[in-house]
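First the structure, then my questions, so here it is.
Residue numbering begins at 1 within each chain, and the chains themselves are lettered A, B, C and D in the order written.
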């Protein structure tokens, strides 16, 4: 029972990453695509935790820690480029 | 379960690669290349290689995008002056 | 994992198509980076064995029986080096692109024809 | 305990899905940014908390608390930087927008300087 509910939650998160990517395809300006990339990053952090729980290794959580910091630096760099250049 | 994850993420990766090639705007192409690296680091976790996933997340998705943005910035600045 | 090998092959083909058909130098470098990702995926998928786990010994892996429960760590060690070298090659290509832009004022590959005959 | 964790995870994933749906259906970039940042922040916090509760036997609670703190600190900052950049490069608002405080402030400052 617990496992089935948990796997349904993972499938819904996978569908969410697909929807965010459709906005990246459609987006009229580059800023829309950056917003879609930001949302995809946050959803994929959740998906990494889901994979770590499904495959039963604690060590995979460290990847989510690294990703949470690095993606922030990348998004801020793109925002500064959009505004006036790095 | 892992087969479904690989199929969905692979389809998104192929679509992002085609988007990065056919896109006119250079910034949008760089963003799509960053999305490819993000999804590749998810696939490395499924392939049981967490060290590669960590490196790909830090270097492929973070640092490569910033290096591309530096180059685009140089080109745009030259454009403004000349 | 056959599926991942096919995915890597498709990514290599898309990157090669982009490198051969695009006119802008930055787009050619992006195609090279996509091709790089495809090669890395294929190399990691060679070392994967079914129903096994990551080769890091902690409380989840039995130490005495570790040979039968972990995947092959050699291809992932190779790919780890290849990713870093890929970043260096990309940065070198981008610096050449900036120099070419300062020389000619354009990034169209058809304008650079000193070596054509 | 484990069933409660699984249900909290399900609620968090539904928040993630609704955030992505709002990202797809909102009319202009600022509305999209609001849907794509607030809803996914709440959803991922719920998802991580539920995962830590559903797998209580693993010793990962400290790491998940640090990860939630990262998300709470970095996510509004990056979204604020993006919104500021999008406003300054002049992306048009949606037709239904009734108020734009930042543009009014800028106009007032220019008037004061003159």
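We adopt the following convention: a contact is a pair of C-beta atoms (placed from the backbone, for glycine too) under 8 Å apart; a residue touches a chain by one contact, two chains touch by 3 or more.
It should be emphasised that the depicted structure is a prediction, and the values quoted were computed from it without experimental measurement.
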{"item": "Path length in the contact graph (subunit C to subunit D, fewest steps)", "value": "2"}
{"item": "Maximum centroid distance from subunit A, chain identifier (CA atoms)", "value": "C"}
{"item": "Subunit A-subunit B separation of Cα centroids, rounded to whole Å", "value": "13"}
{"item": "Rounded Å distance between subunit A and subunit C, as computed from the means of their C-alpha atoms", "value": "21"}
{"item": "Multi-chain contact sites of subunit B, meaning residues that touch two or more partners", "value": "48, 50, 70, 72"}
{"item": "Junction residues of subunit D, two or more chains touched", "value": "none"}
{"item": "Residues of subunit A whose C-beta touches two or more other chains", "value": "10, 17, 34, 52, 55, 57-60, 62, 78, 82"}
{"item": "Arrangement of touching chains [line / ring / star / complete / other]", "value": "other"}
{"item": "Set of all touching chain pairs, with the criterion as stated earlier", "value": "A-B, A-C, A-D, B-C"}
{"item": "Footprint of subunit A on subunit B - complex, ascending", "value": "1, 4-5, 8, 12, 15-16, 19, 25, 27-28, 31-32, 34-35, 38-39, 41-42, 45-46, 48, 50, 53-54, 57-58, 61-62, 65-66, 69-70, 72-73, 76-77"}
{"item": "Residue numbers on subunit A that touch subunit B, as the complex places them", "value": "7, 10-11, 14, 17-18, 21, 24-25, 30, 33-34, 37, 40-41, 44, 47-48, 51-52, 54-55, 57, 59-60, 62-63, 66-67, 70-71, 73-74, 77-78, 81-82, 85-86"}
{"item": "Parts of subunit D lying in touch with subunit A, wherever the complex brings them together", "value": "2-3, 5-7, 9-10, 12-14, 16-17, 19-21, 23-24, 29, 32-33, 36-37, 40-41, 43-44, 47-48, 50-51, 54-55, 58-60, 63-64, 66-67, 70-71, 74-75, 77-79, 81-82, 84-86, 88-89, 91"}
{"item": "Sites on subunit C touched by subunit A in the complex", "value": "53-54, 56, 58-60"}
{"item": "Partner subunit B, residues of subunit C touching it in the complex", "value": "1, 3-4, 7, 10-11, 14-15, 17-18, 21-22, 24, 26-27, 30-31, 33-34, 37, 40-41, 44-45, 47-48, 52-56, 71, 76-77, 79-80, 83-84, 86-87, 90-91, 94-95, 97-98, 101-102, 105, 107"}
